[in-house]
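Each structure below is given as C-alpha cells.
After this come two complexes, each holding subunit A, first together with subunit B and then together with subunit C.
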Partner chain A sequence: MRALLPLAFLVLTAAAEGPALPPAQEAAARTLMHELRCLVCQHQSIADSDADMAADMRAVVRERIAAGENPEQVKSYLVSRYGDYVTFDPPKTGANLVLWAAPLLFLAIGAVAVWRLYRRKGA
Partner chain B sequence: MTVRRIALVLPLLMFLGFVALAVYRMGEPQQRVIASKMVGKPVPAMDLVGMDELHPGLNDGDLRQGTVTLVNLFASWCAPCRVEAPQLKELADKGVVIHGIAVRDTPENITAFLKDHGDPFRRIGMDPNSKAVLNLGASGLPETFLIDGKGIIRKQYIGQIRPEQVAEILKDIEEAKGS
Partner chain C sequence: MIPEIGHAALWLAAGLALAQALAGFRADGGRIAVPAALLQGVLCAVAFAALTWAFVKSDFSVALVAGNSHTAKPELYKWTGVWANHEGSMLLWAAVLAVFGALAAIRAKGLGERFRTVMLSAQGFIALGFYAYLLIASNPFARIVPAPIEGSGMNPLLQDPGLAFHPPLLYIGYVGLSVTFSFAVAALLLNRVTPEWARAVKPWVLGAWSFLTAGITLGSFWAYYELGWGGWWFWDPVENASLMPWLAATALFHSVGVLAARGALKNWTLLLAVVAFSLSMVGTFIVRSGLLTSVHAFAVDPERGIFLLVLLAIYVGGALTLYALRAGTVTAGTPFRPVSREGGLVVNNLILSAVLGVVFLGTLYPLFLEAATGEQVSVGPPYFQTALLPLLLPLVAVMAAGPLMRWRAMDWAGLGRRLVPALVLGIAAIGIALALGMRSPLALAGVALSAWLAAASVMIFRGRKLKRVRRIPASVWGTALAHLGIAVTTLGIAVSGAGTIETLANLAPGGRLSAGPYTAQVDDIMPAAGPNYTAIRAMLSVTGPDATIVLAPERRTFVNPGNETTETDIWPRLTGNLYAVLGPGDGSGRWQVRLVWQPMIALIWIGGMMAAFGGLISMMQGRRRREDME
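Entry: the complex of A and B
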C-alpha cells in the first residue's frame, strides 16, 4: 500500500496541472517540459520548478498535447510568445549557427594541425 | 617574433581573454526582462470571465473598439502592483482606458486590493491559470500592454509603472492614436 503512495501523488499533481494524458503522450509532454525554460526562475526548466507560473505552463503543455498538438507545435507556440529564450534547445539557425558550428570548426583546425605535424615528422 | 611563436602564444591569449570575460560577466545578473514577441501583433484571442458586476470580463473584441487602451496584468498578491497603483490611478484620471487582467486571484481578494489601492479599471478579466499571461507573452507581474484602436499591441511595459513613466506612456498613447 505504501508503495502506491508516490503513484497516487503523481496522479494528483498531474490532475492539478492539466488533463491526464495516456502514458505515451505524458512521456512526450514531460520530455518537452525539460526543454522549456521557467520564465520566473533562475535557469530551471518548467519540469523542475515549483513556481506557480511553471505549473501553469505545464498545464498548457498537457492541454495542447491532449488537443492533438505534437511537442514541436507546443514549443513553437511558446517561442511565438517569448522567443528562443523560452527553450533550452534553441534552433540551429542565424546567430545560433555559429555556436553550433564553432566546436566542429575548431576540431577540424586541430585535426589539420595534427596531421601536418605528423606528416612533417614522418618526412 | 616568428610565426611559430605567434601560433603558440595566440591560443593561450585567446583562452585567457575568454576566462577574463567569463569572470567579468559572472557578476552580472542574468537576463531578467523577457520582451514579448507579441508586440506589433494583434491581441491574441481571449475571453476572460469578469470579476464582478462593476467589472465585466475582457475579450479581444473589447480591445478593437477604436480606442487606445492599456491592459494591466496584476494580482492582489503582487507587491510591485501596489507600488504602481497611484500611477495607474493618475493615468485613469487623465482619461486613459485601463483594463485589468487579474492573474491567479479571487474576486474577494481583488475587491480588498482595489479598496486599499484605488480602482483604475473599466473591465477586469480573471486569468486563474495564467492562460492570458502566456498568450500575451508576459512573464511576470505587473506588466502593462498598450493596445491601439485596431487591437494591435504597440508597447509592453515590464515591471511596475514608475511615476516618471506616466508622461512617457501618455506620449505613447498619443502616438498610437495617430495610427
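Entry: the complex of A and C
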C-alpha cells in the first residue's frame, strides 16, 4: 500500500481553474456555475463536478467574468457554443413554455376539480 | 451449493406467487393465498441470506460477487454490498415485497376473509412480475466459470455507512406502498371503499411514508457529505424519483384521514393509492433502467429497462383501467364546508398534487422533448426552485392551519383566534432575523413561515390538560411532531440558503482562507493510507469566535476498482456546519481548498427525521384503532 503513495500525488493533479477573482466576482461566477451543466457528467453542474471538462468550463467562466462580462453574457456565450443542454435553466421559449406554465396549469386544473366537488355537494 | 439454494428458493417463491395471484379467483382462495404469502416471506429471506453469504464469504464463483466485491473490502461493505448493485438491489426489492405480503396476510383481517384473499391476490400479481424480472433478466445467483481469484470491487462512493442503509429504508417505503395499492385494487373489485377500509389502510400508508421520509433524508445527507459539493438536494432525476412517491403518499394519508372520518373523497383517495405505488415502480424503473442517466444510475442496461417498462405498463395500466371502470360505482360521501378540517385537507391535496405534477413534468420533460423533437434540454435546480416556491410557501402556510380546524364546518373567526400565537411568533421571527442581519426577502419569508408553522404545531395540543397527557391520542402527537419537523426543515433551508458563504483558494502549507466567522490555515498536506485506498490529507487548523478545531479533508484514491473520491471533513453544530473539501493540486505544491460556512443546515435533516418519527407514532394509533375494531 505504501508504495502507491507517490503515485497518488501524480494522479490527483488536475486542470487549472482559471484566474483568481475578487470575492464579489467569484460569488457571481459560482452562482452561474451552479446553473451550468457539466457536459460529460450525469446531471451535475460544473460547480459540483471533478471532471476535467468541468474545470475547463469553470476556467472559461472565470476568464470571461474577469474580462468584464456579466453572468448573462457568459451564459449566452456557452449556450451559443453548446446549445440549451448546457444550462439547467431552460429558456422560456417554444415548447418550454408548457414546462414553465406547469405550476399554474396544475393548480388551475386542481382548483376546477375542487370547485366541482363543492358544487356537487354544496346544496 | 448455497447460491443454488437461494436460486431455488426464488423459483419456489415465484410458483407460490402465481398460486397466490390465482387464488383470488376462487371463493375459498384464502386457504391458498395466506400460506402462500407467508411462505414467500420465508423463501425470499432464504434467497437474500444466500446472496449475503456469497458476498460475506467472497464467493467469486457467483458472477455478481465477482463483479461487485473484493476480498480487501471492509467487512461492513461486504454485508451491505449485497444491495449496492443492480441484481442485489432488485432481490432486496422482491424480498421486502415478500415480507410485506406476509405481514399483510397476518394483519389485514379486519375487512373480512374475502377482502384479504383478493388483496393478497393483487399482491401476488405484483410479486410474480418482479420474480420473473429477477429470474429471467437479472439473476443474482448466476455462476461464472472459471471463478476469478479476485473480485473487481465496489464503487468507493457507495462504501459509506449513509449509503449502506439508504436503499433498504427507501425500499421499505417504496414497497410498503404496494400493500396500499393492493388494498385499493381489492376495494375497487369488491366495492368496499368505506371508512373501515380507510382506517385499515392508513397504518400501511403511514409506515411506508415514514420509511420513505427517513430514506430520502438519509440519502440527502449522504449526498451532502460524501459527494463533496456542499449541496443537499440536486434535483437529480433519481432524487426526484424518490420524491414523487413521497409526495403522493403524503397526499394519500391526509386524504385517507378524510375518508376514515367522513367517508368523503373516496375516488380521489383510491386514485392516489394507485398512483403512489405506480410512482414507486416508476422510480425503480428510472433508477434501474438508466433511462434518465444520473449519478445514481450505475446499471445502464436497455434490455432490462424494457422488461421493467412492460411490467410497469401492465400494473399501472391495469390498475388505472380498473379504476376507470369501477370508480363510477363508488358512492359519494358526507358533504362538508370549504372551511373545515376536510376543506383544509382538500387544499393540502390540491397543492401537493400540483407539486407532484411539476416534479413529474420537470423530471421527464427532457425525455419527452428529445423523443418528440430530438432537441436536448436540461431541467435542473433553477427551474424546480422557481416553479415550486410559489406552491411550497402557501403549502407550509396552510399546513399550520389544517390541524387547528374542526371537522365538518368552522368559521373564519374561530380559526383566526387559534392562529393568533402563530402569527405573533411569525412576526417576531422576522424581527429577530432582521436584527441578525438577514436581508433576503425569500429567506425572511421562510423563517417567518417556519415560526408560524412551529407555533401552530404546538397549538395542536390546545385545550388538553397536562394531567391527562397519557390520554392524548398517538395521532395527535404524531401530527404535531411531523409538522414541527417540517417547520425545522424549513428553517434550515431558509437560513442555510441565505447565509451560506463559500470560499475557494489554491493554497500551499501556511496559506489561509476564511468563510463566514471562521479562518482556516493549512498546516500540512500529507499522504495517508486506509484499508483499500491511499489518500492526500490536508490538516486545516480553524479558528473562529467560539472555538479552535482541526479539520482534515482528504482526496482518496481507491484500488479495486481504481477510483477517486473527495472525503469532506465537516464540523457540524446546530448553529451551522463548517465544511472543508480538498480539491485537486496544481502540480507545484498548491492544493485547491474549499471552505464553506452553512448556518443551521443540520436542521434540514433533523426536521426530516422528526417528520419520519411523527409518521411512525401516528401509525401506532392506526394499529390500536384497528385492533379495537377486530
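Just so it is clear, the second predicted complex is superposed on the first by the 106 of 123 C-alpha atoms of A that agree within 3 Å, B and C clash if a C-alpha of one lies under 4 Å from a C-alpha of the other, contacts with A are read in each partner's own complex, and residues count from 1 in each chain.
Here is the rule we go by: a residue touches a chain if its C-beta (ideal position, glycine included) is under 8 Å from a C-beta of that chain, and two chains touch if they have at least 3 such contacts.
Owing to the predicted nature of the structure, the values given are computational and were not obtained by experimental measurement.
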Contact breadth on subunit A, by residue count: subunit C or subunit B: C
Touched partner set for A:H43, first subunit B, second subunit C, both or neither: both
Which superposed partner A:L97 touches (first subunit B, second subunit C, both, neither): neither
Which of subunit B and subunit C A:G110 touches, first, second, both or neither: second
Contacts of A:A59 with subunit B and subunit C, given as first, second, both or neither: first
Subunit B versus subunit C as contact partner of A:G83, first or second or both or neither: both
Which of subunit B and subunit C A:A67 touches, first, second, both or neither: neither
Common ground on subunit A, meaning residues reached by subunit C in one complex and by subunit B in the other: 42-43, 83, 85
Footprint of subunit C on subunit A - complex, ascending: 1-2, 4-5, 7-9, 11-17, 20, 23, 26, 30, 34-35, 37, 41-45, 47-48, 50, 55, 83-90, 95-96, 98-100, 102-103, 106-107, 110-111, 113-114, 117-118, 120-122
Residues of subunit B touching subunit A in the complex: 30-31, 34-38, 104, 129-131, 133-137, 139-140
Complex contacts: residues of subunit C adjacent to subunit A: 227, 229, 231, 234, 236-237, 293-295, 297, 332, 335-336, 338, 346-347, 350-351, 353-354, 357-358, 361-362, 365, 369, 372-373, 375-383, 387-388, 390-391, 502-506, 527, 529, 534-536, 555, 557, 559, 564, 566, 583-587, 592
Footprint of subunit B on subunit A - complex, ascending: 39-40, 42-43, 52-53, 56-57, 59-60, 78-83, 85
